[in-house]
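For clarity, chains are labelled A, B, C and D in written order, and residue numbers in each chain start from 1.
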Amino acid sequence: MVLLICVGTPLLGAFLLPALGHWSEKARRWGSLLMVLTALVCAAIATVDLLHGQADAVRLQLPLGLSMGLRMDALAAFMALTACTVSAVIVVYSFGYMKTYTHLNEYYLMITFFIGAMLGLVMSTSLLQMYIFWEFSSFCCWRLIGFYRDDLSVKRADKAFMVTVLGALAMLVGFTGIYGATGTFDLDALQGSQIPGWSTGLILVGILSKSATFPLHNWLPDAGVAPSPVTSLLHAAVLVKIGVFAYARLFVLTFSIDPVITVIVPVIAAVSALVSAGCAMMATDIKRVVAYSTISQLAFILLGLSSGSRIGFAGGLLYILAHSMAKAGLFLCCGIVEHNLHTKDMTKMGGLARTMPKTAVAFAFCALSVMGIPPFSGYFAKYLVISGEVDAGHPVIAAVFILGAVMTIMYLVRLFAKVFLGPCRNPESREGNGQMVGSVLTLAVLSLLLGLLIFLPSGLITLAMEAM
Amino acid sequence: MNLVIVLLIIGLLMIVAGCWCLMRTFHLLKMTIGIEVAMKAVTLFLVLAGRISGKIALSETFVITVMVAEVIVAVVGTGTAVGLFRKYGSMDVRNLKQLKG
Amino acid sequence: MTILSICAHGFIYGPILVVLIYNLFNHEFARKHFFWFAGTGAVWQILAAIGGFTALNQNGQTSYAFGAFWDIRLAGAAFFELNATRFLLLLIVGLVALISVLVAHQTVDFNRSSYTNLLMILVLGMNGMLLVTDLFSLYVFLEVTGLCCFIMIAMFRSRADLEGSFKYLILSELSGIFILTAIAFLMMKTGSLRYADLAGLGQRISAGSGQLEDLLVYAALILLISGFAIKTGVVPFHSWLPDAYQSADTAVSILLSGAVNKVAGVYGLMIVMQLFGDVAPVGPSLAAVGIISIIIGALLAVRQPQYKRVVAYSSVSQMGYILLALSTGTTLGLVAALAHILSHTAFKSTLFTNAAALQEQTGTLELKDLGGLENQMPVTAFTSIIAFLSTAGIPPTAGFWSKILIILALWQAGSPVLAGVALVAGILSSAYLIRLQRTVFFGQTRPELAKVREVRGSVLTAEVLLTVITLGLGLLYPYILLLLHAGGIL
Amino acid sequence: MNVIVYLGAGLMLLFGVYAVMEHSILRAAIGLALSSASLSVLLYVLGAHLAALFELSVCSGLVTVIFIAGISLSHSPKMEIQKEYRDKERNRLLPLVLIGVGLLLVILALTLNLQTPELAQLTQDDDVRDVLWGNRQADIWGQIALILCGGVAVAVLFREERREKK
């Protein structure tokens, strides 16, 4: 029941928001936030249940091996809590950011709906249901990237949609391959089953396209034309994690896969990490830098999850949490800067630390977390991921990733220095409004706190590791 | 080579002639005539089928019904052709170039 | 007189009664109030389909045979038959007729009375096709259906209308000749054309028997399949379809795409598959036509310059899916085909209704003249997005479920490659529809379209109604599957 | 009897091909009527007496009338426009094609050496009218619809246009 409320409130409630918006602007905003918070609270309740050893589940058995259901387990709880927390902060941020635009009805509808879809995805008990929610999120992504409706945005939105839908269809073919081999879509029934190699390959295509991993990464930097909260929610914090979540759910927790996958995927991840880090060092558009950085960091997560070692898996999960907070923060800071300066070109910026000190601090905190500097949460995650890979017996790949981590430090420092340090080139710029700054500061503090209180999520992670 | 085969071949040739008419002539009414020519062959086939299977009365009813349909097709075809003639002042099928993709 | 028999006779008598009564009134009155007459006919059809099905279910029968004015117990008498499949298709006919009337209320202007008459005769023709139990009667009603369509397209009398109608007529009559020849060939073998006598023909013939009749039966099957494929408008027999759909008034396009090519084409193939599915090349040839048409239709749709042409080619592509499902010959395949027919009716009619709305409000359907209309026409934009999702097979719409069922049916029948290709071809559907979205709704408003308003009245109702069906079916599908399971079908 | 059958079939084919090949539409329509008349002889000899009668009156009569009506309605001062397709019609190949296809079919029939059915004996048991009204009621219903359709077609399509679609 809790799970139904948790998924249903944002998913169905989202369609009330346009009506609320018709009535009053405020009602729409707070309605949206309320729905996200409801979901967060429900997810928390279910997590507490889970920690007490009682896993909530709802299930509907259908003929033909189709089934539907929601289930809370450690991985789902972890993802759900992360997603809800970050999105609650981002919704607050968008109160300030999105004030002046048209299509706000659509914006709040899609954001809320997306969160519902995300929750449905992480808790789903069947492959088909995963696909359904997967496509929901692609759809939200399409509408939201094209939010400004100029030709460029719409083209980019179409591109993102086509790439992710193509990936999803490939994945669905893979799913039907599994169905053909086993006669069911149900994840529980599939537990531990062998699946055909080509299904694995096709599902990987889906995962890579959604998580924007090389060679299907191109849509993500292009998606930066969307409003910043959207980029932050979809393209940094939550949506791109769907792919890695699917990897964890399917290939780590459900199927027994060919060991060769645990080599191939890290290699793909390594290439992705290096290529995108290189791109990030070249780019001059601040959002593109951060977006490439996202691709690079996603490769770390994928590495952790695919390494095949328990430590790596734990690291990957922790990385999802740390990266969501920190990268969402970075994008939101970029949003504040962009909002103020009406440009995304970092060569035209400089010395913003003086005019917008709070943003600068938040940006620095988040960047440090992404770089993996102790005691921020990113540090622990990165450490676990790389040591997990060494553990799994692939020190070369681990070394490549250390190189990737160094590059991360380089481009983030470059970004910070160009934008916030040096002589002030934009004296007229001002700090963003309270809601915006408040939310970035929250995320920055959370990044730090999670590092200091690293034992907090450990209970869940241990549970997840046990399920491996 | 008995009677049945000969009639079948003649009927098939009629159908070929009708299809040829649909494909290779440029006159709208002529195309409608082509349909009718092919329909003659089909009528023959039906009666032949009745004779072979010994159900001549059944196939006669078929033929009568087909004739009704044939007449209506001729009406509609001619009507449309006349309508097109009123638009273009000609019955050349190559005028029809309004619809292109 | 039970409810069932009233409903059953209603399918036969209803349309004719409407035509008779309608023509009793004087011309001006009839023209003014055509909506009520045609609407009554359509609504009656829907009610009869639902009521009849419920009654049939309550009686616990699987089929119900009846005659219109004669006693079917006489030896050798013809009879009409109703079963669940036919009820569903009859319901679709009624639904499409209703939508068409709603649209025609705004788009059809000067020949409303002809529209009403023809619509009712068309419904009668389609009902007849669905009810008969004899291949020749099927042909007769097919001819009625086709002729009504030609007249309905041509009656608006612009150059494009007449041209589309004539092209359709030529190809359609060609298909009629094919089917009739096939019927004659089959009769040479069997001496009867009742479904009951034709079924199981596969066991009675063999290619190597050296008998002329057996050879002719194979020829007949090829002719039947190509004849009905022309009516369905699948590749390589599709050339008439975009022309006819584009030229016809939108109210007529809805009928053509929503009901006629399903009843006249797909249902015919369904019958062929039911009767001759055990003859070796029937299933594979349907599958081949289906898969070619899915891909070619979608590729052609991407390049079309006009809204209705895009949608028409999309129809070609979607019919391919239905044929693919039929080609399996299993129960699941049949269910999947029916499901896709239903969802196709809903989403394709939505797209055509949107076309009517655009045509009414902006006066053009050329894609290059449209752009960014979602602010001006929010309901139309929303409904078209839902239809787009359904066409591309993206959840939570009806199209998603029917496509999934098709894939599962193919997989069960042992053709995973076809299933995979059919699924991935979904990306092509997304491609042409996303182009449509981008050029028409999504994007910045063109200045000359800034004053456009949302369509009102009956077209809006039709849009909303169809979207509710698409979404409702999509959300209710798990329940429907459970029901089918409980009924022992799945 | 067989001679008449062959003769009727041959004439039907000849007149049919003439109708297809003839440039003048009027003569083509007459060719069609003659083809139809030959067919009706053929039908009569094959034992389909009522069908032969219908063929003669409806197809060779009524259809020709319809075509002639169509020709007269499209008879206009612009007749010279019709000349341009007269020369370009590529119908001269048709006899060749037909002879080719015919030879092919004959060879096919001879080489395959199929067991061909014979014509069954004519039985006087069942009358056409009995079959039509006793077994084919659904077809009659269809005929009613067809005739309604034809009525509307005449009313709609042949009407002089007064108003047009925008």
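The definition used in the following text is that a contact is a pair of C-beta atoms (placed from the backbone, for glycine too) under 8 Å apart; a residue touches a chain by one contact, two chains touch by 3 or more.
As the structure is a computational prediction, the values presented were derived from the model and not from experiment.
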Contact-richer chain pair (by C-beta pairs counted) among B-C and B-D: B-D
Centre-to-centre distance between chain C and chain B (centres being mean Cα positions), rounded to whole Å: 26
Geometric centre distance via CA averages, chain D-chain B, whole Å: 6
Length of the line joining the C-alpha centres of chain A and chain B, rounded to whole Å: 65
Gap in Å, rounded to a whole number, between the CA centres of chain C and chain A: 43
Two or more partner chains touched - positions in chain D: 116-117, 135-136, 139, 142-143, 146, 149-150, 153, 156-157, 161
Multi-partner residues of chain A (at least 2 other chains): none
Chain C: positions in contact with at least two other chains: 136, 140, 143, 147, 151, 154, 157, 188, 212-213
Those chain pairs that satisfy the touch definition: A-C, B-C, B-D, C-D
Contacting residues of chain A [partner chain C, same complex]: 60, 62-64, 66, 68, 102, 128, 131-132, 135-136, 138-139, 146, 149-151, 154-155, 157-158, 161-162, 165-166, 169-170, 172-173, 176-177, 179-180
Interfacial residue positions of chain C with respect to chain A in the complex: 332, 372, 375, 389, 392, 394-396, 400, 404, 407-408, 411, 416, 419-420, 423-424, 426-427, 430-431, 434, 438, 442-444, 478, 481-482, 484-485, 490
List of chain D residues in touch with chain B within their complex: 2, 5-6, 9-10, 12-13, 16-17, 19-20, 25, 28-29, 32, 35-36, 39, 42-43, 46-48, 50-51, 54-55, 58-59, 62-63, 66-67, 69-71, 73-74, 76, 78, 81-82, 84-85, 88-91, 94, 97-98, 101-102, 105-106, 109-110, 116-123, 126-128, 130-132, 135-136, 139, 142-143, 146-147, 149-150, 153-154, 156-158, 161
Contacting residues of chain D [partner chain C, same complex]: 112-117, 134-139, 141-146, 148-150, 152-153, 155-157, 161, 163-165
Chain C - residues contacting chain D, complex: 12, 16, 19, 67-70, 74-80, 109-111, 114, 117-118, 121, 124-125, 128, 132-134, 136-137, 140-141, 143-144, 147-148, 151, 154-158, 161, 188, 209-213, 215, 249
